[in-house]
């Protein structure tokens, strides 16, 4: 017997929370970015679990879409980070505070 | 599930395809055309938008009834509701492109690249307005976001632009995660990502499934609704998910700000409506409370914070937050008038908000600090057209009759009162009074302060002049001529066809 | 498509008639204003611009509007319609706009606005004349804004649909905002900002009340007859009435919501002051009588006492404030507040005399204030100062000016024999009939009014002929000089009242005297409608919030008539009024030769129920 | 019938022509100004004889309907009855004489035209007052005469004193207007009309005898009467009103306008008759005023102010007369007073003309030689006002004192009144002869001033002499013992609505003799002190310095009003404008705006610019939203 669907859901929730916390506490944009990826993938896990549990293909298709989109985001995100890196020596997200108020 | 693709199916995506094609075409010209690049690129993109508009109008004429091609399995729809928002989106895109060329030239942007990204974003938005499936919603939201990340950071030589792009990117991805997590939970609870199916399962207005009660009590649905609301609210800059808005608006190149300030909302609100008023319409008592609270907080925070801004773009960002609050009021009414008000709002909002950014843009194209409100002193003497038009936009944003801004607000609040939520309308109008504080400040500077000695005349250029004149005219015509309102009514009729 | 709450009479639904004279009247000024903006400004060789063509066009438009408005006065039907009083909407023009939202284009004339429309057009004609004389900086825009504001105010007076009313209500505010803010004096920006935001605050609350009426009225109809036929529940009336009163009270400078008024009046250029003080304030008091009272009769009765107390406080407060001001314009500003509160007091008496007097006093006050504020500019052009302690004995050099100043001063202190006395006395009679103490205390204001006005008048023209205020230094930054504008002046007039100045004051003075000598033609026109309003209010006092019953329609060729309880004989309690189907209204007056209009002829009778008309 | 409109409109016509006719030559003004009043007087005489032949028939002529508002209907009309006719004759007759006099008096003034313009307007307003058939137009005329009084007091507007006096007169008069207005409201409330006839017909039926309503109405009317007639406690304006040109003082502040209060009470006698309490109040006010004014006149050194106080004192007698329900005697005294007081003022004017507008009697003296005509006229008028037997004042005053004497037989406290009146009669003689002696007799105190003193020209002399003659013969209209002509004539007015016709009392010889004695005493005292100077006036004053100062300072009433009423109101106004308006009323509005701006500034700090803060905000929002769903369910 496969594990209960709820186990997958709990794991994915934990992963999602981890990712969220990571975004909030880390200052390196790359790490933050990876944490977001973690969140997306935890959602993927949820989709897969539901898909399996419901015997529905929709969830699986959704997972592929998320993966594709995540890849695209990596491209754009890294490009932005590189572009910023060109003008600044170190990249700490907390230094990006020119605009506020 | 068998797949039948008919001409009607292609028809439904035709406007989107046209815009995508136009974007690709732009990329091609970018590669080959070197002379008069800006002019040619602008021409192509405007032509594309016009063509898409025609296609959309055709769809409107054809799809009088419930217009989703393949019953409950459809991913997207070509219904009038979607077309109506297409009009708004194409309009805002066109207006933004009309005023962009001088800015593109002064900032030394690659015009083809820049405009094609705007078209990609537009295509994503149109897709979103037409989507009938959570998957498409996600896909389109990412399509438009990706384009906007790049556009926000497009000015690589300006640290603010980079900062804007980066902030937008990080926070938007973060919020997207919440959105899709919510989608996942809804999917888990209902077994489908298709909105029509979800309606059936949750016992929307059609109310077909017996197990309604058990499904609803499932925490998945509730948390799913909540997380999806977070994702949408982020895109709509609803408090407390609004914090990116002023920074990104201020940092992004002004044409991009003008475009995204209207178009993003015009794209997300129909999806928001489809998900909440349609798919979750029967559950309005469950989500109403949260929208109610968000609307109130949004109206208050947006308007109060705008009071003390010295940057026009930030001011308009907060003003945009406040307007999102007004639209949320209409939406939370969850009735036909409310949906009509939402639809109507964005036609009007396109005119007045993009128009308001035009002033910043024109000044910045001349190399002035157009973002600083203090520089608008005596603008009337320097450029009567620009000042008068901006004045009209400000009064319209503030909701003065006979401008269309008044009518839009009127319908929105009337919907809330009709739904029995007079308190929303009262808070709405009181915060509108607060908003006068900052809109009128701009007017005061432009008209009532003497111009500084030696200030030069400002010429906006023919395209911008056309855009300003058209927007001003639009603001009077759209409000006073009932035809536009009736158009929105018809659009909403098709929207509710799903359930009746 | 068309869904009106009350089934529309066939042919009434969308008829403007030809020519739609009221529509022409309404939009004539604004059209002229927009045309003005298209006229090119011709620079003068010596600097500045030649505004002569612009001024000619503006003045012509204003006079034409006035002439057209007099037509409606002449053609106004004055019949005694038998035992019952009728609320007849004459010259109705009705067009559909957004029927699903209850929004229609509905204009008409009745006893309440038949005088206020000519007041508006007449005073505006004078104000535009004053503007032509006094404003030389950006004169084209100034005149255009004045004309647009005129359309806004006319719209408020003529609208019979709440939404339409609201649109015009706010439309008139925008030009006023610019008129004060651009052409005003010292603290003009603070003043105009406060003015607009404060009044808008109230208006927006009223807007919510309009939403509520829209949402609750059967058939979602915002046309006045439909609203009258379906009064809101007693509890709803309370807050709806208060919401309306907040908006209208602020605009009418009801104590303690008046604080925008003194600053605005003082900082505005004189023609704009005339516009705001003389006409715009009246739109508010008018709208109370037109909408707030008949639509919410129960609440009106409930709150009349409280509001009367506020009005009395305002009357005495304004008068006491006027007593200690130094600036001659500010004295008038507070005096205007005092008088506006008196008008409001008359309205809150909720009876025939109070309402009749209030309408009479609205016209009087509009005319007198216009004259006084114009006189302030005329005095200023000669004295070079507006401070009472800096001027003295101007009558010696300018006796004719002193004479006109005297007449207007007397009118402002409600001297018996002049128009304002007729209004004030009728108001106070009405107030006395409803509450003797209110009238007794309010009448005390005559003492204070005499005191502050005589102080004002004597301060200007009397006293020793001493040295005048020092010559103001020229302000180099301004392109055009004018003797009237404050404080940009280079030279002082040394001639007595010029003909061109007299042309502004004489018509106003004539009206004041006429209304004092024989006000009967005035009240003859207002009384039938006022009786209808008073009837509605009386029925609202009987406890039941539902004053109105059925609306009967008779598709005969006649004016639109809403019939309400007989308001004349209050001593006999009206009980068990039978349903009266009115016979066809008597013949209209023989039309003027060559009259083009074909009136819309619909008749709508409305029977108050007292249990018998179910 | 048309004659009444003729009378009314003539002065109005004069006013209108004069007010717009700035190019009119002086001669034309001099003809037109008095001329219209003269013609009106002729018309009034015609009207009088027309009515006299018909034994005083009362006619109510309605010109037009003024206003209709519900049941509030007011007509403009004239009520022509004996009372109105008498008043009309006085106003036009005396008015004409005084206007004639003014032609001479004002001939040097640059504002000649303006003067006659105002005077004609005054006559018009006064005629409206006395001819009106309704309380509303009574009020119109009432305010109209107040206005013209104001204008003429302040005629020389370059003098600050004149300006201040005019202002005071206006404001005090408006206090009276207020009382009238409220009284009118009450009358309208009960009678549904403001016309005299319907009101008077139903007074007892509607208001009852001595009910509280009729008491309040009459008291309020009394406020108006007191203000207009300068009676206690609203008398302060009258002495100051002497800042106006002397003909104005003669016409407005002696002969006609100030007596309007008496007219009002007489006109409203059905009301007052139903309110015995108010009648008592009228008597008390009158008596106190008579005594008070006489004392003030004793100490004053300004020739016109002495006359002003004497006017106040004489009007107080009239009040006593109408208060004692002896209406005809009140009106009789009004008539004779008009003659001799106008004459006195004309004399004073002539003296001032001769002495370069000097008014201080301490600098006069011995003018008899240089101004004989003026002296003789002044002497006759002084004797008349003092009540020297066989002159007009004697008859009219004695009639009033006599009627009080008669009623005192039944009502005990009236004895006090009677004693005070008799005493005041003596005081009147004292101060009037003091004036006469100090101005015309004795030696010149300031020879330089009187260097060119001479009698006035004919145009001024003639009216003075006519009035002096009238002051002599005017009293024979009601010769004691003979048929009381004026009483019989006026009875048509005063019996019409009253079920108990107030009988004109027979002459009370006891009272008459005592009054004659006090008057003689007064004249003798004046002769000793001011002519023989044994004791000298200074010594008399020094015997009781406190009382002298009290009289000299007008019992300190003016200062009291200034401190107790005027200044507090000004201070209140200043307080309202500097504190309440700024901090409370404006403070709430602007304070809330400022609070919003401040909160906006504070809230900006949350928007820190740090992207992780933004993310935290999103998370918190999400937690709240999810929490709402999870916990609310």
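As written, the chains take the letters A, B, C and D, and residue 1 is the first residue of each chain.
Going forward, a contact is a pair of C-beta atoms (placed from the backbone, for glycine too) under 8 Å apart; a residue touches a chain by one contact, two chains touch by 3 or more.
If you're wondering where the values come from, they're calculated on a predicted model, not measured in any experiment.
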Chain nearest the overall Cα centroid: C
Pair joined by more contacting C-beta pairs (C-D or A-D): C-D
Centroid-based (C-alpha) most distant chain relative to chain A: D
Whole-Å gap between the CA centroids of chain C and chain D: 39
Approximate Å spacing (C-alpha centroids) for the pair chain A, chain D: 97
Whole-Å separation of chain centres (CA-atom averages), chain A against chain C: 65
Computed distance of Cα centres, chain B from chain A, in Å: 26
Residues of chain C touching at least two other chains: 197
Junction residues of chain D - those touching two or more other chains: 593, 604, 607, 609, 611, 615
Interface hub residues of chain A, defined as touching at least two other chains: 20, 23, 93, 96, 98-101
Inter-chain touch pairs (all): A-B, A-D, B-C, B-D, C-D
Parts of chain A lying in touch with chain D, wherever the complex brings them together: 20, 23-25, 27, 93-94, 96-101
Chain D-facing residues of chain B, complex: 166-167, 170-171, 174-175, 178, 219, 222-223, 225-227, 229-230, 233-234, 240-241, 243-244, 246-247, 286, 289-290, 293, 301, 304-308, 434, 437
Footprint of chain A on chain D - complex, ascending: 604-605, 607-612, 615-616, 619
Of chain A, residues touching chain B in the complex: 9, 16, 19-20, 23, 29, 32-33, 36, 39-40, 42-43, 46-47, 49-50, 53-54, 56, 58-59, 61-62, 65-66, 69, 72-73, 76-77, 79-81, 83-84, 87, 93, 96, 98-101
Touching residues (chain side chain D, partner chain C) in the complex: 19, 22, 64-72, 114, 136, 139-140, 142-144, 147, 150-151, 154, 157-160, 163, 166-167, 170-171, 174-175, 177-178, 181-182, 185-186, 188-189, 569-570, 572-574, 576-577, 581, 584-586, 589-590, 593
